[in-house]
Each structure stands twice: as C-alpha cells, then as structure tokens.
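Shared between the two complexes below is chain A, which has chain B as its partner in the first and chain C in the second.
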Partner chain A sequence: MRRSYAWDLGIIVALVLFVAVAGQTIEGVGSPRFWRFVILEVIPVALIALPLALVVITGEIDLSVASVLGLTCTVLGQLWAWGVSSLPLLIVLCLLLGAALGAVNGVFVTVFGLPSLAVTIGTLALYRGLAYVVLGDRAVANYPTTWTRNAIAAIPGLTIPWMILVVVAVAVILGVILHATPIGRGLYAIGNNAEASAFAGISVARTKFWLFVLTGAMSALAGVFWTFRFASARADNATGLELAAVAAVLLGGVSIFGGRGGLVGVLAAVVLLATLRNALQLADVPANALTIVTGSLLIASVVGPNVATQARDALRRRRARTAT
Partner chain B sequence: MTALAERPGDTRTRGRVVAQRFFVVRELGIGLALLLLIVITALVNPRFLAAQSIKDLLLGSTILAILATGQAIVVITRNVDLSVGSVLGLSAFAVGTLFVSAPGTPIPVALAMGVALGAACGAVNGLLIAAARVPALVVTLGTLYVFRGIDYTWATGKQVNAADMPAGFLRMGTKAVLGVPVLALFAVVVLVFAGYYLRAFRSGRELYAIGSEPAAARLNGIPVGRRIFGAFVVSGALAGFAGVLYAARFGTLDANAGINSELNVVAAVVVGGVAIFGGSGSVYGAALGAVLLTTIGAALPVLGVSPFWQRAAVGALILAAIGLDRILMARVGERLRVIGGRSVAENAPDQRKGARRA
Partner chain C sequence: MKRTAAALAALLLLGLSATACAEDGDDSGGGDGGAKSNTIKSGLKIAFLPKQVNNPYFTTAGNGGKTAVGEFKGTYSETGPSEASASSQVSYINTLSQQKTDVIVVSANDKDAICGALNEARQAGTKVVTYDSDTKPDCRDLFVNQATAEGIAKSQIKLISDAVGPDGGKIAILSATANATNQNAWIEMMKTELAKPEYSKLQLVATVYGDDDDQKSFTEAQGLLAKYPDLKGIISPTTVGVAAAGRYLSGSAYKGKVALTGLGTPNQMRAFVKDGTCKAFALWNPADLGYLAAYAAGALASGMISGKEGEKFTAGKLGEFTVGKNGEVLLGEPFTFNASNIDQFNF
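Let's look at the complex of A and B:
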C-alpha cells in the first residue's frame, strides 16, 4: 500500500508544481475564472472516473461510460420534450436508466462470465446507437434557464461551481468504503486474485455486478450535468470521454490488472489533466495537440514505476549474488 | 480403445480435430450471417446486388479489413492495439504531404513510406510493451493520443486536397479489375499472407501459444517479448498501409482521418471470432467481421431501417458474437474433456499435452 500513497502524493506534487510554474509564466492561470473552467471540466470526468476506478481495482473495465452518458442525455432531452417537467423526477429517471444500463453490463460480465473489455466495447456501440435512435441528429436545448444556470452556479462567495461538492461527497463516500471497510479490502482482494477471494468468502460476482450498476448510475448523473451545462441534449454528447476517464484512472495509479490504486490519486489525476489542458489552452497551444501531453503522461505514469521496479529487482538479485 | 493405446499421438490429433471444427463452425457462422443479411437485403431491393453497390461494399470494407487483420494478430497474443486509428491518420497525412512537397514521387515509394512509418509507430508500441513490460491497453491508449496529437500538430490549418495527388494514385483508389476494386485486392493479398503465416509458420503458431498461456509459452522457450514486438510492428505496418489506401480512396486529407476507428476495428475482430483474451481465432474471421460490420451499415437503409439504428445493431452483434463464442467454447471444452478423459485410463502422460495443444 505504501507505494500507492507515494503515487498519490507524486500526482499532487506534480499538480502543485505545474500550477506554481504556469501561474508565473502563463497569463490567466490560477485566476478564479481559470479554476472555474477547470472545475467545470473536472466534474463530469470525476463523477465517472471515481466509480470506474473501483471497477478497475477489481480487475474489470467499463468502456461504455461515455455512451451511458450520451444515452442519458438523449433520454433526458426526449422526456423533457414530451412534457415531463419535474426536475427531481427527471433526475431520478435518469439515474435509474444509468443503473439499468450498468446492470446489463454487470449481467453479461458476472452471470454469463464474459470478459468486460469485450462486453463494454459492445455496449459502448449499443448504448451510443440507442442514443441516436432516441434523438437522431436532433438536439433538445430549450430547458428552463433556471435549470441550466443552477447546474453551473457557483458556491456563494466563490467562483467554483457547487457541483464540485457532489463530486467531493462521492469521493469521500467511495474513498471511505474503499480504504476503510471490509468491502473495500474485498475489492483489492478480488483484483489480486478473484478465485482466492471467492474461497475467502467474498461474493465476487455480486460485488462486481453492483460496481457496474454504480458506474452506470454515476455516468448517468454526469449525463444530467452535461445536458444542463451545455444546455443541449445530443446523441453525440461526450463521444470518446471513456478514454479520457480510463486515462485518468490509470494515471491516478490504479493498476490495469486490478488490485492496486486509490481514489485520492484518481481525483488528483482528473484535476491535473483538466488543469494542464486549460493552462496550455491559455498559452495558445492548440487544443488538439494537447492530446500528446495526455498520452505521454499516461505512458510515463506506467513505464516509470515499471522500470523502477525492474531496476530494483535487478539490483536486489545482484546484491543477493554478491552476498553468497 | 486398444488401438488408441497403441498410438500415443491419437488424443492429440482428435483434440485438434475438435478444435479445428470449432473454428470452421465459427467462421462459417459469420459467413452465413453475412450471406443471410445480403440475401434478405437483396430480396427487399435487388439493386443491393448491383455491380456498383457490391463494389462500394468491398471498397468500404477494405480499410477496416486490413486494420482488423493486424489487430487480430495482436489480439491472438492476448494484447490489443488501440492506436491503429491514429497510425492510419498519421500515415495518410504523411503520404499526402509527401505528394505535395515532392509531386513526382512514384506510388510504390509512397506506399513503402506509409508502411514504414506505420511500422515505426508499431515498433514504439512494441518496445514499450515488450521491453518495459507495460500492459498493451495502457501503452496503445497513450500512443492513440500521442500519434493523433503529432498528426494534429503537423496538420494544423493544413489540408491536402485531391488535386495535390498524382492522378495515378487516386485512380488506384477507385479502379476495379473485373468488377473488384484494386484496394480490395490489396486487402485480399494481405489477408492471405497473414492467414498463411499464422497457420504454417512456427513463429505464427507461437503467437497462439503466447496468447493461450504466456507463462507456459515462456517456459517452452518461445521468445515471448520478441514475438509480441513483432506482432505490434505488423499491426502498425498494416495500419500505415491502410493509411496510404485511405489517402488514395478519399484524396482529401486533414488530421481527422481514421479518428475513433479503433473500437470499430476491435469490434470487427471480436465479431469475427478472435477471443479477446487471445489464443484463438483467425485473420479470416476478423476480415469477415469487418465485411459484416460494413455490410450492416449499407444494408440498413435499404431495408428501410433508420440509419440511426446502425450503431445499436453493431453493439448487439458484438454482444451476440461473444456470447456465441462462450457457448461454443464451453462445448469444445466438454468434448476435449471427454476425449482426454477416455485416454486418461490408457495413456495418462499424453493426455495433458493433448488438451493443452488443442
């Protein structure tokens, strides 16, 4: 576990250093307005990446998250267009939809025993396809301005959107579950060795199933936010966001093989990526070229520790040899 | 049964027969599904079988089929290459730029350059995966961003138009020999070579061994790292090749060529019966999967289904395909156990080998 904390710390230090340097060199970085845009970008990605991290820790993956988001957007838009005008009802229906979509993933993975990578590539196409079936190429955009304004409203006295409090609450709840309860220890156990943890009395299938349900519901919540933030429900909302979420989870120190990682690192990675993107945009680096930074960070985050481990092992072997 | 005991190799052959029959069934299945789709669509609208529409279908499948061939080789080794779409984009733009800056470049040179560029990208992937021992999913997700980013940086504000390309090059993208597009012939050649290599060459068979059990493959003396490296170089080279064909077919190029195509390619491979966790499947199946996915896209409008259903249909197809594989695999496992079990009584040491090789 010690390595995981070191990693969390490393990401946070990288974030602080970057902000310190960029704040001096790039005009506008660190201003209240800057942080507002960073946080607006962080909210949907974090809502997805946090539960996704738990899924990855158990050794599975969910690539359908952005499609769940997109489908939720279109269903929300269609319901509103049909005259459902109660916001709480809409939100509840969306969360139920997301949970159901996640449950479909969960059933395929846990009941039929299919690999989650293949299943969620399938539902990635399926859910995005259904989103197109619901709205086609239309957009629903005529929401009450109070809804769209409230979605991105700032915390009184600050410029930071209040929705970040929801993210923090989710992070705290999931963090406590993961790091301080038997359920959380069970997730690591499943990721390290599913068979052994089944023998140890952990219900592997049921745990994984509910994680997929949770990820689906949270992706739907991100979809509701997305719809109101951009005041637009379209079938192609957040296309490709799944790769950004996975990148954040991995950069946050969660092992793709499961069994390792923590939520602090994941949250820090989401903030780091959003900060980098916004800061470099202010520095007039073309937005699309920034993908180089995202990609290199992702690779470096895994190559670095791997090479370090290999070097340490080699050193230990040599020491053992000289000792004998 | 006594005859069995006298021939120790027999269990192995029978196991192999069962396994081979499975693959034939799997590829026949997808072939049948494709045939069924074409027949039904043609019954609804006979024009679907007109020479022009078949030509369009083949042209449309070509690039996806070539990418799927490379991807299948990688997936068979229990890896995945998500960077193929970005490599395609990079190679396509590089070829376009080559023709702009050196108008007289012969077509084979452009082709070789695209393939070499793709192979270099694949070598970066392979090096990180095989030498630094980083999971392929992570590396290729990263290089997906990096290669695309390089493409964007390079192509910002620039566009290569069809007018910049030599006429002969563009003709290659549209010309047909006996009704079959030249591009599709390229794909067939690639496919046959890859299929033959995987089937007949020792190193080709080793890719399957690596995919079904990497640790056992290593213990058997197979150079796992080198083979995986090779698989990624091939996948990259084929993506580069596909990029050249893309340039020839579409003529107009910006930095978005082949964007978001990686999951389509993986989908084609999975639909084609290549197990996502390696060790089984063939490039023929993957190519059939690519053709099937393309045909669905072309058939739905003809069948009067809104084109908006296309993606959903593809998703349902992927789920059906992996479900079917699961059922078939369970059957094969059952059969192998029966065969293995029978010989346990008579020829215990050989049985283990037989089950493993199958």
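Let's look at the complex of A and C:
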C-alpha cells in the first residue's frame, strides 16, 4: 500500500512540474481556455477510468468500455429520433443499457469463469457492431441546443465545465469505498489472492459482477456526455477510447496484475495525459509523435515499478553478501 | 521506491520538456510567386486542418495551400489527427484557436461534431474556411467546393458505364467513412443519375465503407467480390479506396473483368491504368483546391470578402472566383485521367 502513495505523489508532482515548465515555454498553456479544453477531454475518460480502476484492482480488465460508450450514443440518438424527448428519461434508459451491457461482461467472467481479457475483447467488437446495427451509417445530430450547450456549460464565473463536479463526486464516492471501507479492502484482497479472499468470506464473483455493471453504467454516462458534447451520435463515437482509459489506470499506479493502486493516482493520470496532449499540440508536435509519447509513458508506468523492485532486491542481496 | 518514482517522473519531464521546446521554425517563405494579390494582408497565420495527416491527397492539397500562403506572405501550418474519426479534429481546432490563428482551413470529418468547436473558435476571432468536406453552413464562413456533387456523380456514372460496356450489370460503391458529408452527397446524386434511362442496365447492389483506411478498403473490395461474384464494376469515390480496390483487382482473377473507376490521384493509379485494371478515373487537382482555399482564407481574413453571395476575389494563378449560394466557392469540373494523359501529372 505504501508504494501506491509514492506513485500517486509522483504523478501529481509530474503534472505540476510539467504545467510549470510548459506554461513558461509553450504559449497558451495554463490559460483559462486551455484548462477548459483539458477538462472537456478529462471528463469522459475519468468517468470510465475511475470504475475501471476498481475492476483492474480485482485483477480483471474491461476493454469494452469505449464500445459501451459508442452503443449508448447510438441508442440515445435513435431514441431521440423516435421522439423520446425527456432528457431525464433518456439518461436513465442509457444508464440501464450500460449497466446491462456491463452485466453481460460480468456474467461471462463470473458465472462462466472466462478470462475478462478475452470476454471484453469479444464484447468490444460485439457492442461496436451493435452500434452500427442501430444507426448504421447515419448520425443523429439535431438535439435541442440547450442540451448540447448545457453539457459543456462552464461553472458560473469560471471556464471549467460543470460536468467535472460529477467526476469529482464519483471519485470521492468510489475513493471512500475503496480506501475506507471493508468492501475496498476486499477488492485489494481479491486482486492479491482471489482464492484466499474467498476462504476469508468475500464473495469474489458477486463483487466482480457488480464492478462490471458499474463500469458499464459509467461508460454509458460518458456516452451521454459524449453525444451532447459533440452534438453527434454516431456508431464510431469514441473508437479507441478504451486505450486512453486503460493507460490512465495503469499510469495512475494501478497494477495490471491486481491488488495495488489508488484512485488519486488514476485521476491525476487522466489529467496528466490530457494536459500533455493539449500542451504538446499547442507546441505543434505532430499527431504521430503524440501517440509515441503516450505509449512510452504507459510502458514506463508498467515497467517502472517492476524494475524498481528488482533493483532493490539486487541491492539487498549485494548488501547481504558484503555483510557476510 | 519513492526515490525511484521521483527519478522516473523527473526523467519523463526532461524528455517531455525537450520535445515541447523543439518547436519547428518553419517559415514557409514561398517567395513572391508572381501573384499580384496586393489587397491580402501579409503576415496572416493560416492553418490547414485536413481530415487526417499522412494522406497523400491532403498532403497535395496542403502543398497547394502552402504555395498560395507563400505568395501573399502569410504563415502556413498544417496539423491534424492521425486517424479520420469524427471527433478527433475538435482538439486541433481548440489548439489552433488558442494559438490565435487567423484562419482555420478545415476538411470536416463530421459536419456536426466539430461545429461547436468551430463556433467557439470564431467567437474568439478566428475565421473558418472549409474545403473538400463541408460542415453545417452556420459553422463556417466559406466552403471551397472542389466540384458539385452533381458534376462528380455524372462523371463517375459515365465512367463506370463506359468501362462496364453496353450490357451493363451489377455495380457497387466503395466509399470512405459512413458519415463523410461529401461522399454521401455524391452517392445520393449517383443514385439519381443511375435512375436515368440510359443507365437502366446498371444495377447498384451495395455500398460499403473502407473508412479511408488502405487495408480496410482492400478487405471491403475483396468482400464485395466474394459476395457478388458476377459484379461488373466498382466505383470508389475516394483516393484511398480506389487505390486499394485497384491493388486487389490487379492481383486477382477479376483483373480486367471487373471495371474500376473512382476519384484517385495519378501517382496512386498510374500502375493500374497501365496494367488495364482501371480504364479511366476522375479528380480535380487537389493542389489547386488547397491553393484556392488558401486564397479564400486570405481574402476573408483581410476583409475583402465576408462570404456573401456575389462577392468576388482573385486567387493568384487560378484567376477570379465568385462566392455562390450558402457561402460556397466552386473550383470547377472534375477532370478525367486515362492512359493517354496520366503521365502529364505528378501528384
């Protein structure tokens, strides 16, 4: 547990230092408009990455998140086109859809005992395919401007979109559950040793199932935001966003093997990645170089902790030798 | 562990700030190429935002734009996403607007998804010209149209009809992304055109989407022939698609039996025209399109035109253009390339 705090701090320090340096060297970084655009990018990724972090902590993964988002967008668009014009009803239906899609993942993983990597690669393709079934090559884009404007509206007096408050609320709720309740300790236990935690009385299958449901519902919420932010529901919405979410989770210090990590690091990593991308774009770094930067960061975040552990062990062994 | 994490973070930062500082000092000083565009202000910052970078068509258009911007002594830049998805252009629009670009010249991946960002940029003082693929008219100041949908559809159907021959048969369309504004407009017009009595023997059986991705387009072409073995012709009104379909056909048993036409670039299609896979295809000159779009951008930012119908401006070597309905400027008619003229072109 001590490790994850060090990593959280490292990410936050990296973020602060980067903003400090980039703010001096790249014109536009750090301005109110800059933060507005960064936060707009952070919102959907964070909504997905936060619950996904819990899934990864239990040693599973969900790669279908962006496809759940895409399918939700198309269903939302289709419902609107059919004349469902109550916003709360649309949001509730979308959340239910997301929960159901997550439950499908959960059933395959917990009831049939299949590896989540395989299951969710399958549903990644399946849900995206269904999105094309719903809308085909069409786009639904004629939403009331009040909806699309409200989705990205700023907190009064600031440039920051209000939706970030939803993200913060989700982070606080999930953070408290993870770090201050028996449920949270159970999640770490499952990730560290599922068998032992089952013997200790934790319902491994049920816990994992509900985490998949939660991730599905949150991906759907991100889908609602996505649809109104871009005023466009299309089957290819957010293709590839699962990589951004997984990258944030891992860079945030959650171990891909489960059992380790925290939500502060994940949230900081989402912001760091979005800040990096926007700042480097302002510095005219081409798109190809940008993906190289995020890729390297991801590798570093997976390799870093392992190399550190090995180096420490080697050091300890040498010390032990010199002592004798 | 704490120390390692800190060291790692520091290392990353070093690397990143190094990249961040490495801004390129690219002054596209194209010289005074002879054009007397004396009323366009000098020093304008004009940024091209294509559907995606690394696409030869947009690279050629960008080069045309760069030449034009050089002629009126502005600063040219080109930026864009590496894949042509709907919302990927939004963050680039945001970036360009923050960089206080005078004009964004954009080819829209999605006519709706980038609207909000464009309008936000316009409120901050940036002018917007669309080229190649338009947005909704209320999100931009001008649209530089390469050819009318009608002109393109007529030429494509004429070409496939000539290539398939008088007996007609089944034909299919291999398009780009499913929501590409221009592609869908052309496909609709092609259907109208096919309804005419002289084309009654041509039967459109499928429209498939290669997403302007070479391998996907290749696979879709393959899939078409697997599904319709008696297919007589393929129209691919996108440069990536027609080249991929050409590559598939020329290496298959269908070479010469299944006619191919579309919108392609001479360099990509040369081999297929010479080996008989494709008799003729069409396109406008993308370099001219970029050139015209850049001049339109310059005229717009200098206050010479505002996008109203009937306004006139001069675009260097291309001469005078008039703004049409809905703020549209038309480049001209599509041009047909075939074995007899293809070697005169290099783009």
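To be clear about the criterion, the second predicted complex is superposed on the first by the 322 of 324 C-alpha atoms of A that agree within 3 Å, B and C clash if a C-alpha of one lies under 4 Å from a C-alpha of the other, contacts with A are read in each partner's own complex, and residues count from 1 in each chain.
One rule holds in what follows: contacts are C-beta pairs under 8 Å (C-beta built on N, C-alpha and C of every residue); 3 or more make two chains touch, one makes a residue touch a chain.
Note that this is a predicted model, so its numbers are computed, not measured.
Visitor: Tell me which partner A:112 touches in the superposition: chain B (first), chain C (second), both or neither.
Guide: Only chain B; A:112 stays clear of chain C.
Visitor: Quick one: classify A:26 as touching chain B (first), chain C (second), both or neither.
Guide: So A:26 only meets chain C here.
Visitor: For the overlaid complexes, name the partner, chain B or chain C, with more touching residues on chain A.
Guide: C
Visitor: Thinking of the overlay built on chain A, is A:239 touched by chain B (first), by chain C (second), by both, or by neither?
Guide: Once the two structures are laid over each other on A, A:239 reaches both partners.
Visitor: Does the superposition put A:312 against chain B (first), chain C (second), both, or neither?
Guide: After superposition on chain A, A:312 lies in contact with chain C alone.
Visitor: Would you check which partner chain A:7 touches, where first means chain B only, second means chain C only, and both and neither mean what they say?
Guide: A:7 sits against chain C, while chain B stays out of touch.
Visitor: Should A:288 be classified as contacting the first partner (chain B), the second (chain C), both, or neither?
Guide: After superposing on A, A:288 lies in contact with both chain B and chain C.
Visitor: Between chain B (first) and chain C (second), which does A:136 come into contact with in this model arrangement: first, second, both, or neither?
Guide: Once the two structures are laid over each other on A, A:136 reaches both partners.
Visitor: With both complexes superposed on chain A, which partner does A:200 reach: first (chain B), second (chain C), both or neither?
Guide: Neither chain B nor chain C is touched by A:200.
Visitor: On chain A, which stretch or stretches are contacted by chain B in one complex as well as by chain C in the other?
Guide: Comparing the two interfaces on chain A, one with chain B and one with chain C, the shared residues are 136-137, 235, 239-240, 286, 288-289, 291, 293, 296, 307.
Visitor: For a test of understanding, state which residues of chain A touch chain B in their complex under the given definition.
Guide: Checking each residue of chain A against chain B gives 63, 108, 112-115, 117-119, 121-130, 132-133, 136-137, 235, 239-240, 243, 246-247, 250, 256-257, 286, 288-296, 298-299, 302-303, 306-307, 310.
Visitor: In their complex, what parts of chain C are in touch with chain A?
Guide: So the residues of chain C in touch with chain A come to 1-2, 4-6, 8-9, 12-13, 15-17, 19-24, 53-54, 77, 79-83, 85-87, 90-92, 94-95, 97-99, 110-116, 124, 177-179, 184, 209.
Visitor: Can you tell me which positions in chain B touch chain A when the two form their complex?
Guide: The touching residues are 80, 128, 132-135, 137-139, 141-150, 152-153, 156, 255, 260, 263, 266-267, 270, 276-277, 306, 308-316, 318-319, 322-323, 326.
Visitor: Could you please specify the touching residues of chain A with respect to chain C in the complex?
Guide: Counting only chain A, the residues touching chain C are 2-3, 6-7, 9-11, 13-14, 17-18, 21-22, 25-28, 31, 33-34, 37, 41, 136-139, 141, 148, 152, 226, 229-232, 234-240, 276-289, 291, 293, 296-297, 300, 304-305, 307-309, 311-312.
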